[in-house]
Amino acid sequence: MIRERYLNLGVLALLLALALLARLADQSFTITVLTKVVILALAAAGLNIALGLGGLVSLGHAVFFGLGGYAMGILAFHAQNFAPLELGPLTIAGSKSMPVIWLTAIAVSALAALVIGLLSLRTSGVYFIMITLAFGQMFYYFSISWAAYGGEDGLSIYIRNGFPGLNMLDPIQFFGICFAVLCLVLLFSDRLARSPFGLALNAARQVPVRVETVGLSPMRLKLLAFVISGAITGLAGALYADLNRFVSPTMFSWQLSGELMVLVILGGVGRLIGPVVGAAIFVALEQLLGGLTAFWQIWLGVILLLIVLFARGGVVGLIAPKGVGHD
Amino acid sequence: MSTILIIEQVLNGLQFGVMLFLMAAGLTLIFGVMGLINLAHGSLYMIGAFAAATVAGATGSFLLALAAAMAAAALTGALVEMAVIRRLYARDHLDQVLATFALILIFSEGTRWIFGSLPLYLNIPSWLAGPVALPGGIQYPLYRLALIAVGLLVWLGLWWLIERTRLGIQIRAGENDREMIAALGIDISKLYTLIFALGAALAGLAGALVGTIQSVQVGMGEPVLILAFVVIVIGGIGSIKGAFVGALLVGLTSTLGGIFLPELFKLFTDPATAQSAGASLASMSIYILMSLVLIWRPTGLFGARA
Amino acid sequence: MKKLLMAAAVMALSAGLAAAEVKVGMITTLSGGGAGLGIDVRDGFLLALKQSGRDDIEVLIEDDQQKPDIAVQIADKMIQSDKVEVMTGIIWSNLAMAVVPGAVAQGVFYLSPNAGPSQLAGAGCDKNYFNVAWQNDNLHEGAGAWANQTGYKKTFILAPNYPAGKDALTGYKRTYKGELAGEIYTELGQTDYAAEIAQIRASDADSVFLFLPGGMGISFLKQYADSGVGKPVIGPGFSFDQDILGAVGDAALGAVNTSQWSKDIDNPTNKAFVESFQKEYGRLPSLYASQGFDTANLLISALDKAQPSDADAFRAALEAAEFDSTRGAFKFGPNHHPIQTIYAREVVKEGDVLTNKIIGTAIENHADAYAAECKM
């Protein structure tokens, strides 16, 4: 256990150090790449709560990532065009403030996760994988044809949104804020896993009957985990949209759901730092292999395959074995 | 809207459905017997289409092309099963999803590496080209009628295979009780390779048949794969009968939804908006159908186990 | 991400007067289903550079995988780390909308070799954004005009349900004077058109207009030819160009399509381009290759007069557009989009190869509909 804690802190420290080094060397693109790692790690950390803690294999987490993205896109779009958003009797002016956007992203994704979770958790196993995929497809097709917000063209936001007291246009400051959010979420995940709720959830995943006999509903535990998970991935979506200053239906695509899953498994399911390690490796492969060959995705496929076949428990599992692999 | 048009659209839905069945049958067999969720099934569909286009281009024979498609897909399937897939049977769905997702990347980019980025040419042979007149004055493409016939034949063939042959007994035994087939002295790993190759051959056949009237290009398998998953989930995973009913439901919903939803919306709003809104809802319709089915019956229409 | 660092030939044209290096960033689609278009734009662009013999232009090429977020990240990298001054290459409108506004806001010049979304032609136009291909609606407007000339009175129109599809139908209706026999939005990425073809058969249409790019068009044309419906087909050049004709086969024969370029446009530049492209790459050039070629020549003509660092002079040089285009005369309108002639072409067979032949002029010196909204 101690070893894993050192590893967790080491990985985070390394990320921060790399970003600061890049700042000193005036390599702003490296900071952008590291910010991408942090945000993808955040999205995967969200998924990891459903996947690792709750045992819920969701192939539809792009829904929350996309909703977070569109929460940012729509609010900023109305603010930048000075065209208030009319929602029946309610008029919203739009917003370019990150805290407002984040709260909206979290609220919208949590609500969506509640509805999707309520419906999907009636099923299990492959059916659960597929029904979450189906919800993802519904959002995807809807967003493609929703002309008011650009449809397939997506929405461009010309200037990154602001955070009180900081200059978000400076890459290192934006990295800093994303990094801080990631650390907070990881701390929260850690606490959550050790809390009575986390322990009960773990039990519900392994022996549902035992949980029921002590008067807890496995369904409710899982639903709560799914909602928390969706909310965090939604927050990551809002940040990702801000990184690119752009949202589009690809954020809802099933490939993105698949990629998020890849990040978690690559790093190690249910391991606190797994999503961070997974995201770092994924982005590094994308950047490095891409420079070597036009067909780099073949090699990405081969590496993923080798990890699944021969490194159960992901990369974190290789470095800091838990004694038991993930189930 | 005339009756003729409606009948024609039902035929279209049926044709779409039986082609989905070819894909779904393999998926559901593989899941039912081996408990494996195979995202790379769409790649086998693509391999079938590419093999057919290559052989048709070289020999000019459509039947040879179909045979090549099935052979190439079955061979690829068998090799992949022996090299990779069999290591995944004992794993959870998560590992299976990731490993077969990795296989998609390898197959898609590998195909692009070999064949380039431009779509390939594959067309209907002259003896199946053109429309025929059906009773009631319906003009319907002969090729699509042939597709319906092939789909129904495959369904019958599979039914016969599973209900009436020794292999079928083994498959059914495998679905019910994995230890039992081992106890019966059946070579499980051979049986698994065989089933996987059979499913792959059906996917390859579907790829060649459908590729003939569509675009043979890299990435053609993924949209079909998702639809095939919708089909087997609606039908109940592991059930051939479920796959057949699910395929027809999805085929008809998708085709008829695309026609009638815009018409329905025209009753409430202007034509352009109705077209657009109707088309949006139509593209979501099968996913809505699937969610409704699962909410009503969490293991699909004919599914036994969770 | 792919990086093909291409330093141009070493030979200096004017000894002693070697100009400063100009870095050009090209983001285009080189992998996945849409790679054919990006490869053609890239090859056309590089061919023009090679022919110019210049050594002062460095082109950085990266693959956007047809994903907007990847395109944005590459653009950030090219602008922030590589300090490119000119960008080009994007094929798809949704990627252009993701990249272009941010790039030009940071003072980079963007020359579009393909995508021309209406926003960037109208209210969202920018003094540093130039479109060398067309505004997205142009070819559809040409098709509408050609339908009038041909005497079509009732067209059945269809396109995928996404912004470019809606623009296409709007563009056709803008110039087309007849009635509509039907108007259908299909699903994006749809591959089976049996239902739509049945509706066309049941309608009293005298012609069919379609905008179905890539694999969608291939599927439709094959199925349409087999259905025996036989009503004449008209569409924008994208669905009938060199990159997909081979896959459609004889099913495309006789289809009329509109384009600002064709390989038989009779001028010396175009003849030399078609010949040298075939020699260099062993295939016929497409619409996209001609656009990549023109884009590079526009850039070279501007670099002859000014450096991008002198933004005002460079912009004036681009606006003047004094280069030999494969389309013949070339000029920009006030919103930096071409004012050009759109031709009607017909798909024909030359020997074993399917290709296009000009059959007439659809619309002459045509400017896009959004120029008035552009305030530069």
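Some notes on this structure:
Think of it as A, B and C in the order they're written, each chain with its own count starting at 1.
Keep in mind that, in the parts below, a residue touches a chain if its C-beta (ideal position, glycine included) is under 8 Å from a C-beta of that chain, and two chains touch if they have at least 3 such contacts.
Computed from a prediction, not measured in an experiment: that's the story for all the values here.
C-beta contact counts were set side by side for B-C and A-C; B-C has more. Summarising the inter-chain layout, the chain whose CA centre lies farthest from the centre of subunit B is C. Note: centroid distance subunit A to subunit B, computed from Cα atoms, is 32 Å.
Subunit A and subunit C have Cα centroids separated by 36 Å. Counting partner chains per residue, subunit B shows two or more touched chains at residues 109, 112, 276, 279-280, 283.
For subunit A, the set of residues touching two or more other chains reads 141, 144-145, 147, 295-297.
For subunit C, the set of residues touching two or more other chains reads 31, 161, 166, 185, 187-188. Subunit A makes touch with subunit C in their complex at residues 27-30, 32-33, 36, 141, 144-145, 147, 150-154, 156, 158, 171, 240, 244-246, 248, 250-251, 286-287, 290-291, 293-297. Across the complex, subunit A meets subunit B through its residues 51, 57, 59, 119-120, 122-127, 129-131, 133-135, 137-138, 141-142, 144-147, 254, 258, 261-262, 265, 269, 295-298, 300-302, 304-305, 308-309, 312, 327. Of all residues in subunit C, those touching subunit B in their complex are 31-33, 35-36, 39, 161, 166, 183-189, 191-192, 194-196, 198-199, 201-202, 214-216, 218-219, 222-223, 226-228, 243-244, 246-251.
Within the complex formed with subunit A, the subunit C residues making contact are 1-3, 30-31, 63, 67-69, 72-73, 76-77, 80-81, 93-94, 97-98, 101-102, 105, 117, 161-164, 166, 185, 187-188. By the touch rule above, subunit B contacts subunit A in their complex via residues 31, 37, 84, 87-88, 91-95, 97-99, 101-106, 108-110, 112-113, 226, 229-230, 233, 237, 276, 279-280, 283-284, 287-288, 290-291, 294-295, 298-300, 303, 306.
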